[in-house]
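Right, I'll just put the structure down here and ask away after.
Per-chain residue numbering starts at 1, and chain names A, B, C, D, E and F are given in the order in which the chains are listed.
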């Protein structure tokens, strides 16, 4: 199995409005380090898993829709608890839309909120 | 598949009393960076894999039983070769005891002894 | 010259309300990695620059006043542009209050907002 | 499942002679951080996945065949596009030759070319 | 004293044509992680040391003149031994040209060629 | 001012036998990441601050006298509190002996015991 990973980051504000989250229920923020890992069993004719420059462009494009934003104010997250595991799956979905039919394999999205905590979501994409 | 990881560290002394380990057979020590990665296929109703604050508390509780200790003197490791892969499985077992019946999924414990070497143990836990 | 550094982190939201900051003028957030480096020319009778456990406790105490907060809503930052270089000097001041007369030397506070950008403030404290 | 990882690095020059690679088609270079992760379901009688010192020696031996080299001039890469995913599989093959019959399990080789991009190749080796 | 640092990286090939450099005399390459740290005693009216976005833009502009290049073929390095300490001072000079009269203070440029070795050059720039 | 830094690590056991150190008074251990930063105002005729390969060799030579050791049993530390700031100055002294008359400038030795704590000692060496 081959994989290629590209990374970036976003600065976001949000609140987790449920008392179970303790202080994280207050409006606060985080630098989220994003990693998108693409895996598939074979290389293409250029010896690549995916066009790494294209993968990076899509990562930055998705990042720009979140960067320097208060997630509580974005329609797409209305009524959602924007935990990092949920956000990992959201970003996975955004990759899916933009890569539709162009990458077949597994995509794993990882979000690191601090050196002490991170989350990921992995699922298949169809070529 | 979703995952969440929390991390910490412990300062331990130990010796690997078998000539195969060369200089590591002498009493020495290490800073072990601990990572506990919890994975399962679905999020719960709070959009989480596990209560990250609770996972962190358990990690610190387990860490405290080892931190600033000479493992050679702990009963639990009598006659054991405390390699980092063995210690990863030991810490996995400690999580299993403390989470019994409360987390169903895969737990992977990683121990980093230096930027050049690390080990892990992964196995299922039953809810 | 000897130095000792302790580190931690806080999750904060804020906005830099001045058009010069572009998208950072919007409400967003960051994980700020905090480092406090204490320096002085000689060690004390215990071969330390400062009691490292005490330094860590003060760092966490200061961090708690900011962690999981929207800085825009704190009185202490009313009308201030809370850039990371400004926040570094603010945290330096908080250390100064708490260490008054107990540490003589230089304190350098560093705040890392991402792997690509960080800031610091260094100044003397009097024993 | 248990795993042990050892790491190192090499300084190489190369060019990716295909217009699809944009500026990477020019002769340039990279520091490649190498990680070799060995996994298997059980520990041996010494509580190890593999002799970590031996794994490190083999990593350095393989690294030396590439370190401070222009890959474009090595016979083994003639006519090949030496992408990092391809190089990960090449290094995997070199481990396979040197470990033949001595390690049974999965080997995953990861190559990091920058903090923003890395690749890996994983496949089984037979004891 | 206040400071702000921005970072980036370049992929370069080069050779150090002097037998004292051993294997580094051969054509090889490196990923150079670049850090530019700007320091001055006071903040400006926006609570900044320097416009961090502008500093990042200049860093990328300078990086682009070196990225994906064989330094041995660039006129500016003809007959020069392009050690990382020399390259740090070269990049410092490029910042000086682009910032002429716009930043007064100290600029320190750091180049990391691996996790095990890095170099820097620091000198004043006049506003 | 130019600088070059080389790094390595050692695995040590020790105890800080003074009640002020709390749990660190017990026998425990640490992975100490070592950094040796050499600084001077000018480059030599090879555009270097110091022969980086030679600096690395000396670092490894010093590291070997401590690696996989219980510092409490070494004569050189008899009756000493081996804090990381003290050990930084000890390693500085070892460099001084080995470089006597061969490097003039400042040497700063940094020891990182965890991602949350590190120490350093800096002083001049005479050529």
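General observations
By our rule, contacts are C-beta pairs under 8 Å (C-beta built on N, C-alpha and C of every residue); 3 or more make two chains touch, one makes a residue touch a chain.
None of the values given here were measured: they were computed from a predicted structure.
Contact with chain A and chain E alike is made by C, D. Fewest steps needed to get from chain A to chain F, stepping only to touching chains, is 2. Chain E maps onto chain F through a rotation of 120°, based on Cα atoms and reported in steps of 5.
By residue number, over half of the touching pairs seen at C-E are also found at E-F, the match among A-C, D-E or E-F.
Taking D-E and A-B together, the chain pair joined by more C-beta contacts is D-E. Chain centres here are means of the Cα atoms, and by that rule the chain farthest away from chain C is D.
Although chain C and chain F carry the same sequence, what matters here is overlap: shared residue numbers make up under half of all numbers found at their interface.
With centres taken as mean Cα positions, chain D sits 27 Å from chain A. Centre-to-centre separation of chain C and chain D, using mean CA positions: 41 Å. The set of chain B residues that touch two or more partner chains comprises 115-116. Chains touching one another, given as pairs, are A-B, A-C, A-D, B-D, B-F, C-E, C-F, D-E, E-F.
Within the complex formed with chain C, the residues of chain A that make contact are 9, 11-14, 23-24, 26-31, 33, 67-70, 73, 113-116.
Against chain F, in their complex, chain C makes its touches with residues 1-8, 43, 46-49, 51-53, 56. By the touch criterion stated above, chain E contacts chain F in their complex at residues 18, 20-22, 80-86, 88-89, 115-123.
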